[in-house]
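Should a chain be cited, it is by its letter among A, B, C, D, E and F, assigned in written order, with residues numbered from 1 in that chain.
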Amino acid sequence: MDSDLRRMLAGISTATLTTVLFKRGFRNLFLQGPRLINPRAPRLVGPAYTLRTIPAREDLDRLEAFLDPDHPQRRGIEECPPGHVFIVDSRGDARAASAGGILLTRLMVRGCAGAVTDGGFRDTPELAAMDWPIYHAAPSAPTNLIRHHPVETGVPIACGDVPVYPGDILVGDGEGVVCIPAHLAEAVAAEAREQTVVEDFVGERIAAGHTIRGLYPMTDPANRALLEAWRKERGR
Amino acid sequence: MDSDLRRMLAGISTATLTTVLFKRGFRNLFLQGPRLINPRAPRLVGPAYTLRTIPAREDLDRLEAFLDPDHPQRRGIEECPPGHVFIVDSRGDARAASAGGILLTRLMVRGCAGAVTDGGFRDTPELAAMDWPIYHAAPSAPTNLIRHHPVETGVPIACGDVPVYPGDILVGDGEGVVCIPAHLAEAVAAEAREQTVVEDFVGERIAAGHTIRGLYPMTDPANRALLEAWRKERGR
Amino acid sequence: MDSDLRRMLAGISTATLTTVLFKRGFRNLFLQGPRLINPRAPRLVGPAYTLRTIPAREDLDRLEAFLDPDHPQRRGIEECPPGHVFIVDSRGDARAASAGGILLTRLMVRGCAGAVTDGGFRDTPELAAMDWPIYHAAPSAPTNLIRHHPVETGVPIACGDVPVYPGDILVGDGEGVVCIPAHLAEAVAAEAREQTVVEDFVGERIAAGHTIRGLYPMTDPANRALLEAWRKERGR
Amino acid sequence: MDSDLRRMLAGISTATLTTVLFKRGFRNLFLQGPRLINPRAPRLVGPAYTLRTIPAREDLDRLEAFLDPDHPQRRGIEECPPGHVFIVDSRGDARAASAGGILLTRLMVRGCAGAVTDGGFRDTPELAAMDWPIYHAAPSAPTNLIRHHPVETGVPIACGDVPVYPGDILVGDGEGVVCIPAHLAEAVAAEAREQTVVEDFVGERIAAGHTIRGLYPMTDPANRALLEAWRKERGR
Amino acid sequence: MDSDLRRMLAGISTATLTTVLFKRGFRNLFLQGPRLINPRAPRLVGPAYTLRTIPAREDLDRLEAFLDPDHPQRRGIEECPPGHVFIVDSRGDARAASAGGILLTRLMVRGCAGAVTDGGFRDTPELAAMDWPIYHAAPSAPTNLIRHHPVETGVPIACGDVPVYPGDILVGDGEGVVCIPAHLAEAVAAEAREQTVVEDFVGERIAAGHTIRGLYPMTDPANRALLEAWRKERGR
Amino acid sequence: MDSDLRRMLAGISTATLTTVLFKRGFRNLFLQGPRLINPRAPRLVGPAYTLRTIPAREDLDRLEAFLDPDHPQRRGIEECPPGHVFIVDSRGDARAASAGGILLTRLMVRGCAGAVTDGGFRDTPELAAMDWPIYHAAPSAPTNLIRHHPVETGVPIACGDVPVYPGDILVGDGEGVVCIPAHLAEAVAAEAREQTVVEDFVGERIAAGHTIRGLYPMTDPANRALLEAWRKERGR
């Protein structure tokens, strides 16, 4: 993933991104459920590296399963490329953990960009102190074997009722996570950066006491002129 | 699938099967949610032929998608082997249909054994009149493109919060659907047939006014002797 | 329970009973969730005989548990007095059965008045054919040991988000079940019988094309006169 | 409402209507939740006459409230025009009734086209026997005063998570209810009638053993020719 | 709204207010769902200025809708009177935002008293830093057009399953929001202030190691005497 | 409860405890729902002192109920033994409070070990500042009388969908609460302490950049040797 694109997206809110995506006809790309565990972490930006799970079965999902060096979850932790986001389809089930502190630390150390599940992670007190972005739906102490059987990595998944294809660009902030279809990432980022400039200007004007009428949306040409001046002044 | 096994399973209730599976440590093989649409249909028995879906995306899931002869749902309808059960992981979402009358009729005509989703089917008034077993969670008129994107067939899926592996034996009655791991089907069927005999005997005794004490479970040797006589008499 | 009271309540709808209870300040005595399994069964009327459950635990809730002659569920099935309703607090959890065909048949044969759970029963195809009223929230094949541990009988319970005290009078029809506090049963029944007469009269008038204005509620004295005549004519 | 349009819509399934609406960009016009109470009733077709409710408040929602001749629910029952559908926004709350047998009978006698709520109706055993279409989410005995305060009629409402504007055309079948925006009703009906013809033809072919390939969707010109012949033969 | 009343209510907890309202027969005036976004904000107190929404429809709820100067949401933002609370009936749906940072800032700058929705707001990282009380059910980045269509302001609404009439007094603290019927605000505030004094005294005694027996509730006359002395000492 | 055991458990995470319990066949001992209110409180460890509730009934659950010195909630607050955890079965219903600041302070002053409910507590701003561990599912201002009727103390209960027997050992951290069957507490604590040592070692290695392969689970003998050395060095 291009580092300029990464930097650009790290400066755009998920709210602005969903608006730009809505303009292009997308109504369902904000993950419902996952919240940021560690508010002091840097922004989440990176291509999706997906893990798919189904419900656990008692004869297959025993502790011995992890002895298999090809266990999809464990292999995924080592194979998720640096800069990518490890994202798990946990079927919205947080009754058992999707992963915990040791595996997530390994991802962080390996240079991955963050982790997301629509279930829950365990060891959350430890996770909350990590300087690396992690999103889940609820804290969940029970080991994943109780509810989740990892099936495969690198396939399209559902997460938070959103379709996530491998390589889609995930962007997270303090509000949640949005999933940008890979082929649109550049265009969406560029348009969203423009919109962020406008919103920053509008936000300043509103904070200074101006009415939203004619300003938001910007139907008054006078405001457009002010915006142009403001942009020049700030070089944006 | 062996026709003796099929016949045997068609005579055993899902309640009895879950008890036999529980004895072997399985607590979660009864599908939560799917109900029988057409109560006069024959019993559902057959190996699972699975279809996996994720949430729809507006740019991919348009009516034109069906023009692709390799669209996984449409291909699956033609390729599900006779005698197999077409089962869809709809992520428990019945806000749009998993399939409708035309596709399900095609499965029936092709000799498939039935259809199951943890979402909803459409054309339910028509489905209710079919002499072929169909299970879903709720009637749902909207076309599947609105919520569901079929990804692939023949992979392990979740359905009704139960793990379903291709080839697992699905058995359904008026209560719902149970999923028997493939390698256990013979043994479970045999044990369940035995248990069915006992339950039929117990049921008769209970209906005739006997107490459950010593009979259910059968701790009284006198009852065991009566059972043996009863079995001989009936040749079971 | 007095047989006149029983007969009277069997002729009053749960809708009318909740209105009479509402007049006395009760807003929450209709069980949320339980539905009638067998629509051709006689009306449900009888004092509550309660069974309380908590979630199952793997070391306690094994099949061997039923070998204990004092297992609360099994003992309750034999001790529920004739004419009483066997009602189970299943914590609204229908993922495993609260009981099944054999135990419910035993209750019926013993002369009990019906059975209710806010979870699910198993063997529902068989139950649907019984001539005895049974209410539950959903069909559920898995054996109760998987989710439910019976603790005790004869204590106040929650069922369908309603408080049920032993001896409270349960009344069920095709709509559901209402729980009348024991000390109010006579008075509520008497008032509800009166209201039923009025509603039958009003229903006839409405069906014949009269407006609800002045009739429902009956603010027009002319309608009150007509009602009196109608009652005399029919001896009600 | 034009009687030709009414007749035409009565012959089209809700499934087909949602597909035609989806082609025009509408993804959310099938009511989630409401189900038909009385399967032998005629089809539901008619313009929406809306009633909006908010949660009840103990000081306002007492039995005396109905003494007010302008109580919005009671007034609405008398003012809903013949041929219209009485539809209630009950905020998806079926813990108390939206209305009952007497009021619904009055609507039927007055010539209204049917009734819908996303909550519950009471007196359901009686409603199930009526020859008039009624849809709700669950049977509910408690009087509406316990949960619902009717505010006004004739305003846009939410019902089953769908926007319903007064005058929109509601169409129901055994599957559920779809809400067609008023200005599109003619065009949608015409297109859906065409699609119904095609689906009938396709359904016949499928039942006769033909593959869906090239037929559904109809990409094979040979099938289009057969369709034309079939239409001529049947005069459709 | 009287400034003394405002000041008094700002010193009373929502817990105490619900108890005083319960004494008067009100059981359902605490909003279920909405939580405070910005814990360092001042207390929320003010009359309700209501906005009602229904589900969005694709042909009406496009970005161009905001060009209409009479769009109810945008007009409401400019017309909500200073000192009032802007409260939105979002039907409990937080899948898309009810409003965001720019509009909420405009309300704050205009001197409104706070904002509440039973859905979600967007731009929550920014909102969390505002010194102005905002309550919602969950963070939600998607633009409101995706799910919500604002219909009108100044009408009775449902919010958090509570009836809210325009002018009702909303009071919020770190626990949530309570809605006091307008005509009772003075009396409830006065009684609650008295109860707060008692609770402060009781709290001190309990913290000092006294038993609750005879103290809470205050059935022991000795405690009443101590309370009187304590009040005099503190001039409360 | 032995103070060594208490100290030991206070140093073990709920995540590790659920894994040790899973090894012994327990899949459902982590309470679903309850979260820690006051993150700066000490760890929760202590035997369960249980309180059971059912839904409130308007004639029984009035403010006067608290005048009864034997009211089970109030008596429980005074009788819960020091060192024990006060845990309430609130049936997962947080629409009204399970208790509030005054009662919880009394428990703290009396030397109890903490409080847990699967409903909600009130006075949460005050609770959040207490140096004593409290867990609930959601803040809830309404007085408990509105929804909850306390029935008895010292009986087995359900809490967060988990079976809790009086005397079971409850352990809570920032993630949630786990319930250890009383007879297993010593053995589970000992095994979990061992596992904690291993996890601390593994965590250090992972943070230092080592792969999980052969380390987690520890299949590589070299890692076992390193672990032994590490333990000696630290005297663990």
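Going forward, a contact is a pair of C-beta atoms (placed from the backbone, for glycine too) under 8 Å apart; a residue touches a chain by one contact, two chains touch by 3 or more.
On a predicted model such as this, the values are computed, not experimentally measured, just so you know.
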item: Any chain that touches chain D and chain B; value: C
item: Reference chain E; chain at largest CA-centroid distance; value: B
item: Repeat of interface B-D, chosen from C-F, D-E or C-D - more than half of residue-number contact pairs shared; value: C-D
item: Label of the chain whose CA centroid is most distant from the centroid of chain F; value: D
item: Centroid distance [mean C-alpha coordinates] between chain F and chain E, Å; value: 31
item: Where chain D and chain F are represented by their mean Cα positions, the distance between them in whole Å; value: 49
item: CA centroid of chain A to CA centroid of chain B, Å; value: 37
item: Chain F: positions in contact with at least two other chains; value: 27
item: Graph class of chain-chain contacts, one of line, ring, star, complete, other; value: other
item: All chain pairs that touch each other; value: A-B, A-E, A-F, B-C, B-D, C-D, C-F, D-E, E-F
item: Partner chain E, residues of chain D touching it in the complex; value: 25-29, 54-59, 91, 93, 149, 151-152, 155-158, 161-164, 181
item: Partner chain C, residues of chain B touching it in the complex; value: 13-15, 17-19, 22-23, 27, 30, 32, 35, 173-176, 178, 199, 202-203, 206-207, 209, 211-213, 216-217, 219
item: Contact set on chain D toward chain C in their complex; value: 63, 66-67, 69, 74, 77-78, 95, 97, 100-103, 105-106, 109, 122-125, 128, 139-143, 145-146
